[in-house]
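Structures follow.
Presented sequentially are two complexes of subunit A, the first with subunit B as partner and the second with subunit C.
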Partner chain A sequence: MNLVLIVLVVSVIAAVLAAVLVFADTYINNYGECEIDVNEGTRTYTVKGGTSLLGALTDQKLFIPSACGGRGTCGYCKVKVIDGGGPVLPTEDGFLSPEEKKENVRLSCQVKVRGNIKIRIPDDLLSVREFTCVCSRIRELTYDIREFRFTLEEPDSITFVPGQYVQLLSPVYAGSSEEVYRAYSISSNPADTAAIELVIRLVPGGICTTYCFEHLKEGSPVRFNGPYGEFRMSDTDAPMIMIAGGSGMAPFNSILHQMKSTGCTRTAVYFFGARKVRDLFYIDEMRAFEKELPNFTFIPVLSEPQGEQWDGETGLVTEAVQRHFNDASGHEAYLCGSPGMIDASIVVLKKLGVPEDRIYYDKFS
Partner chain B sequence: MNDSAGLMNVFVVCFAAAFTGNILLTTFLGMCSFLAVSREVKTAMGLGMAVVFVMTCTTVLNWMLYWWVLVPLHIEFYRFILFIIVIAAFVQFVEMVVERYSPPLYYALGIFLPLITVNCAILGTSLFMVIREYRFGETVGYGFGSGLGWMLAIVAMAGMRQKMAVDRIPKGLQGPGITLIAAGLMALGFVGFTGVLQAR
Partner chain C sequence: MKQTVQMQELEALMRSSQIVAGGFLGSDTRPLSEIIEADEADVAALGATLDGLGAKMAELTAAGKRGLGTAVAVGDGLSVRVEESRGLLICPWPNHGRFLKTETIVTRLDTGVSIHWSDLSAHLIAAHGFFQGRGSAFRVEPRDLVAMLSLYHPSSEHPSGTS
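Let's look at the complex of A and B:
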């Protein structure tokens, strides 16, 4: 009897508290219908208030890049909130520079929709869509880098600017209990609109790369959204210095395809840094580009060629750049790779006279 | 005991909880948010005030639950589960209310509330209140005093860390190292209050 009473009392207490919360969630947390105005009326959405701005936009199939899934840890999902966002929260403070704060830039995952809200996003994002596709080919490029080809199903074609990236969905699998999105640059020819190719390097312990290397097979269904990103070739005629390492090859492969198909004659020197011969890939493709593009030079640089047959450049990729140029003040520089490589390259490029505003980069993080 | 003596006792308990028996510096409860959110005085103040509010309210709520429900039914041992449930539900409820009806207060304090749900200092205060068999008035004083003491400690810590951020600190001690040493020294400093008043 006593036991029954105890269970009853504890249940009643828990039920009362639960009822209070359900009541509060239904009546207090109900912000009614709110309107989200994107780019001064270009698009307007009517959503149910009370959710995060990022979540509300995703529900409307407007994808803002975000790698952490709205936890406020990646700092990618920045949008300009012109009206109705409230003050900047301490949770986003660390991700926003003083200039961004002045321009009302916010992390959309931290902004809650409590009323009508006006935002501004780059026009490119309006063309971002979610794609379903099938993994149609997996090619081993090195011992830890693979090329994945995804043939699009719905929608069945994609338009992107070389240098842009997509966010690949890593679904729940044995070893990962959550869905995450990870960003990868598109490496394929933009003229090939029926598929995209990604170059992915295995990160030990990485959620998405482990999925791609161990679970994704040819024929597997895949989802991604995109394209995103501002990294792209400028429309000037300035000679270009390209520097990449590892899977940083991807955007340059795509850019070179575009240069080839548009008959671009810009001077371009592409330094590709790797440790050993076994880390090199796409060499044949690059040599073919050298023949097809009149002013393009490909320079692979090995940092640890000891004991290997190698008569090319050696040392760090930045050292090769320094050996190659005395004055690069008229050049533009394009970098893609690890943060360490990019930071070191920026120092060297500035020393060679490349103005900082003409150094464009895509940093892995 | 007459009223004035009772009131005096409430103040004594409150003062003792804040200083001589500071929950953070003598029992080391609530260390995680103490270390994580003490980089800036302003945010530390926000979190501190939220702790004061939540600690006072949940201690009182749990006192009522304990003496009016659990003790008469002889199920005191259920306090560990029920206290946590009450704290979590209360914090969630307050967060929703504040967010809806007072946005300025929400931006100042509210966003810290989810952090507090899992703060062991809050549960610790409720459990100590039971062990020490405080009466209602003393419980109010104890909850408020404990929160105040916690806030005092985190604001002082944030002040130190703001200064340490620009100080030259040996490389191996930067970050958590020097922070823990500073916390230890601060705890030693609070030992100085011992004997001023001794909580019952």
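Let's look at the complex of A and C:
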């Protein structure tokens, strides 16, 4: 009984001390003005100390990827802190590999600006903007995949490289008490700068996809930031193998628009894996690209064609790739889909001779 | 098990939608420590262990992944299908790792009864003895899980078979 009492008293004292420290740090400590140097002077900001690095950068309209809104639960907001970040906190530990720690990579939402700070971020992030827009069209593509068109308001145009993604804000709604951001690849034509289109698959019980499918309506206001990501078509002439499944269609639709508008004659074979006919979409669009692009072939592959009217390729998408090529050593490969599909595709592509450094996909883990 | 201050903080995180929609506790009003204690007692009474359950769930998920979204026949009359979305979820316990948004659905072919888990919920069971609160979409009753997993023997997997 005595022991229980002692533990209780110690716990209460610890909790009170922690609360006092947080209070003191927030309201009493005055860190004054601090300078944040980004990429060796490319940008410098003078900010009031005491906030998180992520918050300070967001206030300056410099957007670092974040899915959890700075609560330290997504691990996306990594930046290199060259100077002035203080020690790595326990809240960051689980997100940083030993190599990252050696390279001074930190979670920017956990680093507090207490003095001058020098950071290094990929140059691409310097052009990331926050966009407000209106959902101008929702199109049902399959029973669980929809295309969303967002017409931009402020700023009213966007420049992106096909293959890039945006972070869409899922606001608070009945059933989800937090704002979160989720990544979605842009599916639309990069020449259409006044809007973006996303292809989103419903994840039952998912925070953002439930918002998109049950709460977001035509006319609803929407916010996103971007563009992000290095997944894109290379500027070589090497023939391409594209492999996708489900919403992984999105970046390829955008890349194909770009190939069409630039008169690209590269050879490209696009394998799209689905379970049943009802899981296929954009078929008319893909057949149109086949007519418009001289060396483009679209191969949909069904893994559960039993009882369906289907005379196309069957089996796993990776099996279709294997049937199609004997030697693909001169090819580049582009993958977008589930982690399992990406892993299985890499195994097959390597067997067919595609060098690992010419297999491109979004590494998000 | 005592409901420590850390446990109370954890419980508050679990009742929020910070990690998953609606949180992990559903409509269950019992303290987190009580939920864990009750389920761990059930597991022990069923003669199972958390490690054993975790290992079988991981094997079933791995078997299902080979179907790339298509159901794979496994065990004594089971089919397993794995649905993957891109992205990661963290374990609510501090610094406990990140898990792919992967959902495994195991179905008994004779009765059509199925149970599902995500990589995260499998970890919560195996590492923390946490089966989630009643009313959570990912709560699984220990006795249902033990019964379903008893039909799976790794050697009886048919990797290329689909249902």
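Definition applied: the second predicted complex is superposed on the first by the 319 of 365 C-alpha atoms of A that agree within 3 Å, B and C clash if a C-alpha of one lies under 4 Å from a C-alpha of the other, contacts with A are read in each partner's own complex, and residues count from 1 in each chain.
Heads up, the rule we're going with is that a contact is a pair of C-beta atoms (placed from the backbone, for glycine too) under 8 Å apart; a residue touches a chain by one contact, two chains touch by 3 or more.
In this text, all values refer to a predicted model and were calculated from it rather than measured experimentally.
Asker: In the superposed arrangement, does A:Ser338 touch subunit B (first), subunit C (second), both or neither?
Answerer: So A:Ser338 only meets subunit C here.
Asker: Which partner reaches more residues of subunit A, subunit B or subunit C?
Answerer: Touching more of subunit A: C.
Asker: Go through the superposed model and pick first if A:Val347 touches only subunit B, second if only subunit C, both, or neither.
Answerer: Neither subunit B nor subunit C is touched by A:Val347.
Asker: Identify the partner contact of A:Arg71: answer first if only subunit B is touched, second if only subunit C is, both if each is, neither if none is.
Answerer: After superposing on A, A:Arg71 lies in contact with subunit C but is clear of subunit B.
Asker: Between subunit B (first) and subunit C (second), which, if any, makes contact with A:Thr91: first, second, both or neither?
Answerer: Both subunit B and subunit C are touched by A:Thr91.
Asker: Is A:Ile283 touching anything from subunit B or subunit C once the two structures are fitted on A? First, second, both or neither.
Answerer: A:Ile283: touches no partner chain.
Asker: Who does A:Ala191 touch here: subunit B (first), subunit C (second), both, or neither?
Answerer: In the superposition, A:Ala191 contacts neither subunit B nor subunit C.
Asker: Mind sorting out which residues of subunit A both subunit B and subunit C touch, each in its own complex?
Answerer: Residues 14, 90-91, which sit in both footprints.
Asker: For subunit A, which residues are in contact with subunit B within the complex?
Answerer: Contacts found on subunit A: 5-6, 9-10, 13-14, 17-18, 20-21, 24-25, 28-29, 31, 86-87, 89-91, 112, 114.
Asker: Spell out the part of subunit C that touches subunit A in their complex, as residue ranges.
Answerer: Residues of subunit C touching subunit A: 2, 4-5, 16-22, 65-70, 82-88, 90, 94-98, 100-102, 137-138, 162.
Asker: Please give the residue numbers of subunit A that touch subunit C in the complex, ascending.
Answerer: That would be residues 7, 11, 14-15, 67-68, 71, 73-75, 90-91, 93-95, 175-178, 182-183, 201, 203-207, 210, 245-246, 273, 275, 303-304, 316-318, 338-341, 344, 362, 364-365 of subunit A.
Asker: Which bits of subunit B are touching subunit A when the two form their complex?
Answerer: 43, 46, 65, 69, 73, 75, 78, 81-82, 85-86, 89, 92-93, 96-97, 99-100, 103, 107, 111
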